[in-house]
Amino acid sequence: MSTSTLSRVWDSDLAWSFRHSKTALISSVLLVVLFGAAIFAPQLATQNPFNIAELELWNSELPPFWVEGGSRDFLLGTDVQARDVYSSILYGLRLSLIVGFASVILAAVIGISLGLLGGFVGGTVDAVIMRFADVLLSFPAILVALLVNGIARGILPPSQHQDAAIYVLILAIGLTNWVQYARTVRGSTMVERGKEYVQAARINGISGPGIMFSHIMPNVMGPVLVIATINLGMAVLTEATLSFLGVGMPATQPSLGTLIRIGNEYLFSGIWWVVIFPSIVLVVLVLSVNLLGDWLRDALNPKLR
Amino acid sequence: MTLLQVENLTVEFPSRRGTLTAIEDVCLTVAPGEILGMVGESGAGKSMTGAAIIGLIEPPGRIARGEIRLEGERIDNLDREAMRRVRGRRIGAIFQDPLTSLNPVLTVGEQLIETIQTHLKLSRSAARERAIDWLRRVGIPAPEKRVDTYPHQYSGGMRQRVVIALALCAEPRLIIADEPTTALDVSVQAQIIALLRKLCKETGASVILVTHDMGVIAETADRVAVMYAGRVIEVGTVADVLRAPRHPYTAGLMASIPRIGEKPDILPQIDGSMPRLNARPDGCAFNPRCPKRMDICTRLRPELTPDAHGDVACHLFSKEPAT
Amino acid sequence: MKNRLMMTSAAALLGLGLGAASAETLRYGTAADIYGFDPHSVTDSFTNIFMHHIYEPLVRYNAELDIEPALATHWELIEPTRIRYFLRDGVTFHGGETLDASDVAMSLMRAVHPNSPLRGNLPGLVDVEIVDDLTVDLIMGGPSPLLNNFLTNIFIMDSGWLEANNSVAPIDANQGEEGFTTSNANGTGPFIVESRRPDAQTVLVANPDWWDEPQHNLTRIVHTPITSAATRVSALLSGEIDLIEPAPLQDAARIESAPGVRMLENPGLRSIMMGFNLTDTLNDGNVDGNPLADVRVRRAIEHAIDMDLIRDRIMRGKSRNTGALVAPEVPGFTEELNERLPFDPDRSRELLAEAGFPDGFTFNLNCPNDRYVNDEGICQAMAAMLARVGMEPRLVTEPRQIHFERAQAGQTDMFMLGWATLPMLDGFSVLSAMLHSPDGSMGTWNPGGYSNPRVDELTRAIEIELDPEVRMAMMVEAFAIAKEDVAWLPVHQQPLSWAARDEVELTQSADDLVRLWYARINR
Amino acid sequence: MSPHSEAPLLEVSGLRKSFDLSKPFINRLIERSERQLVRAVDGVDFTIQRGQTLSLVGESGCGKSTVAKLIMGLTRPSGGSIRFEGTELADQSAGKPAPVRRRMQMIFQDPYASLNPRWRVARIIAEPMKSFGTHPDPQARRREVDRLLEFVGLGAADGDKFPHEFSGGQRQRISIARAISTKPEFLVCDEPTSALDVSVQAQILNLMRELQRELGLTYLFISHDLAVVNYISDWIGVMYLGRLVELAPAAQIFANPQHPYTRLLLDTVPDISMVNRDMDRPAGEVPNPITPPPGCHFHPRCAHADARCKAQMPDFIATATGHARCHAVQEGRLSPIAERTALRGVM
Amino acid sequence: MLGFLIRRIIQSVIVMLAVALIAFMMFRFMGDPVNSMVPEHATEQERAEVRERLGLDQPLFVQYGRFIARAATGDFGLSWRNARPVSTLLAERFPATAELVLVAAVLSLVVGIPLGIYTALRPHSFNAQTLQFLSLVGISLPTFVTGILLILVFSVWLGWLPSFGRGEVIDIGWWSTGFLTASGLKALILPSIMLCLFQLTLLMRLVRAEMMEVLRTDYIKFAKARGLSDRAINFRHALRNTLIPVITIFGLQLGGLIAFAIITETVFQWPGMGALFIQAVNFGDVPVMAAYLVLVSFIFVVINTSVDLLYASIDPRLRVDDAGPAGGGH
């Protein structure tokens, strides 16, 4: 049974398309590497850059090991605070991905629930949800995220800003991105709701929530997967942008965006490695996610098959 | 003199599970002024044949073999531009859904005029006159006014009339009508069929009428070609094929259609269903469902063979001894 | 193809733009913008020095930081509390009004108005009496040895202009209205305001009717605030700006090696120090009471910080480590005071254990991130060093406005402050503002609440002591007590770090004030 | 009105359903337009006897599918009553009063949409049993699923497959298996064969007849295809713009159609028996149901319409063969000539 | 059409009221406004006086009403950061942002739409595939990284273009424009490229997807079957249907440009509203944040409403004044 499931999965159109798409393969290999690096950051890193006690200032501003003056202890060099760039990237990647995934999950949960509800129940509930979504959609994500961030900063006492930063970011990004899910899920739900299998379920006495979750939800998840993938890239970018603007992760817990912001200050000083390496990792990460999302969208689009 | 001659037309679709043959060795002729019905179940290849004739097979599909001759001239190997000039001017087409066949943001007049001007050297005002004339001919009331309205302002039946006008306005010799009435109500369907017949009589155009509805074929066509699993299995006059079908599939099909005025206890039925393109059995594609299957049917593909009543592709009627 | 097209058009545009900056225009980029033109409504140093180009005081510092006459030509001590100033004749404001005694009287009283944040900068002024059109008497509450030093920072405005524009009282930023004097200026200085776009550009033009002989050859000053240090440097390197201040230390090497530009570096007067919360509780602690109130803990902190490393790494070797709260150039400094406790993490841990905190404690460490040279970096490094001896500082870095507001409100446990003793250029500045117990008039920058009766007593005595020798001895004694108590933790004197194009000729004074009336452009 | 004298299984009377298609309030205010109600079903009466089949035929938009949904409780009626063995269902929605609802099931038109594509076939068929609690034990349920699959002509192993692995006809068999899993007595079949190919249609129709014989089922059959209806029905109701215009035993409808619309339908159905029939086709289309013609809705297309037809809605009156809603029939203006029968005789 | 317009305007007013509510809440709950207005050592008595003077002792909805009344006249009080009227600050900054956004919008339209059409028409050509990949790179590159790179190359290495600011501007009334001076135009180049890049690739991808969708429709197939020329099919039939939804996209895009201008203005020290807003966020300068929010929302609402109206007037299917279909065609 399980082997037949496996072989069915292997033999499915999606898997076939995956095996035959160079971009999908390359980008997923890159993503596996990056996710692995993020997950095993504590094991892979030579230093915990968040533990300020580990920073030894006399090691500051070392170049990458292959450049003269570099040290093999600090593969990609160190920044002005003697943070190991390699380790910082691992931990920064971890933070960026945590924020990315958590905000995508938050957005997806909100969006799917509201979309299902609006699409299934219809009427006033739907109208209210969708008007709200329309309004939110007309506000660019980065602005809403900035605003949520600004309000959170205003409400929280300053000593908690640093500890709360990551949650504020997740909240800010998550709250801005649910609209896409809600609209898509609502659209598909309205199509599915009209389908006869839903009528059959109603005839058979299945309750509203039962139909919503066990019948309709599995059938509207395809596009959600695509949105979630593309959204992950956007969420990581938004996090990086907010951090770059100085309202994201603090300098003591740098995400990729914070690293780039800090590195940017040293761009003309010849300390290029502090800004270049995090930028490359960020771009590779987002590009891989987007490539995969692009492929997934095409692969799941029945019209393109 | 035949208007259209199709020989051994084969259309293939490369796919990840190998090449799929959508239609295989299809042979057809259409005489001038004749209405040829093409009938078959969904997936039999009847629409694909029409698309191949008009040169609109969606890539990656391609014509793998065969020839298509229009008035003696090969058209299957024309370049893009030459084929474009054939379409509309010499072969017209009508599609199933009048709702989606018309561009929603252009008025009916604009669409007619551009089609007319593409093929006929006419001034804009002359083209407009002609467009109004065509609207009148297809039975649109007040065509002078309606010419400047948008498709969404027409009812379903009226839209299909506009589609017919568009297909006929450059007076092609051949019309390919792909399920022209399927999306319409019965009472409208009858009007459209009658209109199509009347206009073809007037202009002398031939029609390939693709449909799954035997009733439409019976009432409209002169001859009928029955397709099954990508092949033509029987061709003949409507009277012959409908009243005395010879291929077991045609016979089974005709018998399984419920008729008004007859109420048998049980409808004759063909068990099973048509094979998918990627799972066509060897030999005769119909053999797993065939009540008269012979040994040879599982091995050898029967060819379409002419005899007194038309052509049939079945070993029961082949001249070679059945072994 | 498309690319090449774009480049060509860019080059064409460039051609058009060449020569836009004439020889006499100085394009000047700084990290921040001025707050406005009202000289009596802000204490911000940068705004203050910028005002020197527009407004003038009675006396001023020259490039060597000696006091010289400006709007007053000379002065006399009539009584210990009455000093007479003789005004320069024939000085006109930019608006054409002539300078007279009523202008001085109104301006000085305006500066000490209760609304004015500058009121502490002219302590002891009781009244101004007009003797005649060009003579005023300043009535002081007591002997004022530093009166002239204070006066270098008090600008003279035109009384008629102030009255006409309903601005006799300085702007109260809390009143919810914008004052006329914030966006309009009418001074006697070497430059006249031509235009201003807040946060974008302020343009000054040379004052042709200036009373003084101009040493500069400028016709225009275009000032642009450029917050980002990297952008500031790139603007200098690309020739869009002639002078930047400050120039980031980390870019010094690159600037030096680039053609056509150079660094201007000197030791500065501004001493950076860390203040402590000395009240009963920490703002953000995990222990009862306040460990920082224990002098052993403060010593432990001093022992934990490797200032040499911070100097070498964060400050690129350009800062001057210090044990004193004032720079060597400032009266009150002695070599003995300049000794720091040695860097000794072990001793630090011992002291912490002695004080009863072997496992450390949390507290917040607040720093500005846009005020001093590498302020954020210093604090990060300090936090790291404190963490290494077991303390758990929670670093908060914020823009200067928030930081200083927070620090002054006593919401921080350890905070960074820089003090250049301006305009006094005297140790009394530190004693009165930062070491005297807060009592409303003194101790205005002592939010931690440091209080030592002897220091208070000495400070009061120094205020009115006119004999320099005695004064000096008292200052040294007071500073020694503060040092023993680690009332403040001295960090270093930050370097002056400007960068300019080669053709710009400048004098750099230790007070880090850019005096463009000494600037020349030699193209 | 009832075809038989004994108590009917299903009794529908005065059934009405209207949909509100009005523009938003603001628009109505500005344009001074009225609320727009579409009367999708407008006073339909019929009864079905146990073990019999009643078919509703008509063109798209005539309200026949809405009737099916109303009976199954998928949408609430605006008025009228639906009684199942005397139990009033009009005010109860789908699935709620389990004891009666379990006895009613439905087969849908589109075999591709009526099965949840993410569910395995066994789960699909078992859902009603689970929901109505007829087979609480999962293993017994699975055994029943296997039995049903074989009963409708599939294999027990097919239960582990997904719907997309089946052809249209096979899916409709799965749909039927689901519908009979709770052992219902009454099935609503909404165009169950119109999406199928002709050869498969015969299989499904035969299966349904077989089920009716074996399980004693009662059908309400909805279709636009008169020939199919002819094969399956005992009684036929013809609908036009939300109203029943004629209701009669199947044989009578074909042999002796009363209402002009029934006649029109019979005339226009393409018939394989009518090779190259050439005759004048009646013009006109079904009017927009939002703005139906006054009086008899059919009058603009009716050759026999007179002033009364334009003004007054005819009642549903008894005729020689059943019931019809036509002034001309009532007044005897329509000769009961059966042109169709005459024509058919030619063949 | 009138009904549609009125409904949209009512919706917009509701949106603006909701945004104003958020702004108002920011005032009330992000720090006590009294604290920022009284001297540190003020007594409780003095605080109460300020409270009364500001009307803070009245019920919330009364305060909200007054806030709206003042906001409607553009009065948001003084910036907490530099004590200047917020309306003046925004008015000073508005032209800079508007010009930047305008140039970026035009650039992204002029480049994005043709590229989208090109890649949709030749989806399998090498150029189109390359463009498609580059567009992915385009939306994957963080805009600030793009900006840094642009400065590095064009300002620092090549020294061609300014790295910050607007260059020289000329005042026309209260509007300061950089369009009329060479240095102003030069200063616009890099920021507008940075700003438009993301939107441009987004627009290109949307146009491509939309057009490919249109090219698959039946009416295009039917147009081909009538032998219309490629030109007529691609540009007369497909493009028109593509561009109608693109209008909506463009409306959203303008909003996106205004928002992304925040980043561009930060990187290029562009003295626009976005830079002001970021400073305000950093300083917790609530009046500026609130005013920016209300102003930008107002701009968005105006853009969205006009786009909807434009859409409705361009798409013949949405012209409500036309008569509906004659028969029951569904």
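Letters A, B, C, D and E mark the chains as written, and numbering starts fresh at 1 in each.
Operating definition for what follows: a contact is a pair of C-beta atoms (placed from the backbone, for glycine too) under 8 Å apart; a residue touches a chain by one contact, two chains touch by 3 or more.
Everything quoted here is computed from the prediction, not taken from an experiment.
Peer 1: Using direct touches as single steps, what is the fewest number of steps from chain C over to chain D?
Peer 2: 2
Peer 1: If we define chain centres by averaging CA atoms, which chain lands farthest from chain D? Would you check?
Peer 2: Of all the other chains, the one whose centre lies farthest from chain D is C.
Peer 1: Write down the pair of chains with the top C-beta contact pair count.
Peer 2: That would be the chain pair B-D.
Peer 1: In whole angstrom, how far does the Cα centroid of chain B sit from the Cα centroid of chain E?
Peer 2: Here chain B and chain E have centroids separated by 52 Å.
Peer 1: Once you find the CA centre of chain A and the CA centre of chain E, what distance in Å lies between them?
Peer 2: 24
Peer 1: How many angstrom between the C-alpha centroids of chain C and chain A?
Peer 2: Centres of chain A and chain C (C-alpha means) sit 45 Å apart.
Peer 1: Two-or-more-chain contact residues of chain B, please, as numbers and ranges.
Peer 2: 155-158
Peer 1: Counting only residues that touch at least 2 other chains, which ones in chain C make the list?
Peer 2: 228, 234, 237, in rising order.
Peer 1: Which chain E residues reach two or more other chains?
Peer 2: 152, 156, 266, 282, 284, 324-328, 330
Peer 1: Which of the residues in chain B come into contact with chain E in the complex?
Peer 2: Interface residues on the chain B side: 54, 56, 80, 84-89, 92-93, 95, 97, 99-107, 114-115, 118-119, 149-150, 152-159, 163, 166-167, 170.
Peer 1: Considering only the defined contacts, which chain D positions touch chain E in the complex?
Peer 2: Per the touch definition, chain D meets chain E at residues 23-24, 26-27, 29-31, 60-61, 285-289.
Peer 1: Contact residues on chain E for chain C in the complex?
Peer 2: 36-40, 77-78, 81-85, 88-89, 92, 96, 151-152, 154-156, 159-168, 176, 182-183, 185-186, 189, 266-269, 271, 275-276, 279, 282-284
Peer 1: Can you tell me which positions in chain C touch chain E when the two form their complex?
Peer 2: Interface residues on the chain C side: 10-11, 13-14, 16-17, 20, 35-36, 171, 173-174, 176-178, 182-183, 197-201, 224-228, 231, 234-235, 237-240, 399, 401-402, 408-409.
Peer 1: Per the contact definition, I'd like the list of chain A residues that touch chain E in the complex.
Peer 2: So the residues of chain A touching chain E come out as 131, 135, 137-143, 146-147, 149-151, 153-155, 233, 237, 240-241, 244-247, 257, 260, 264, 267-268, 275, 279, 282-283, 286-287, 289-291, 294, 303.
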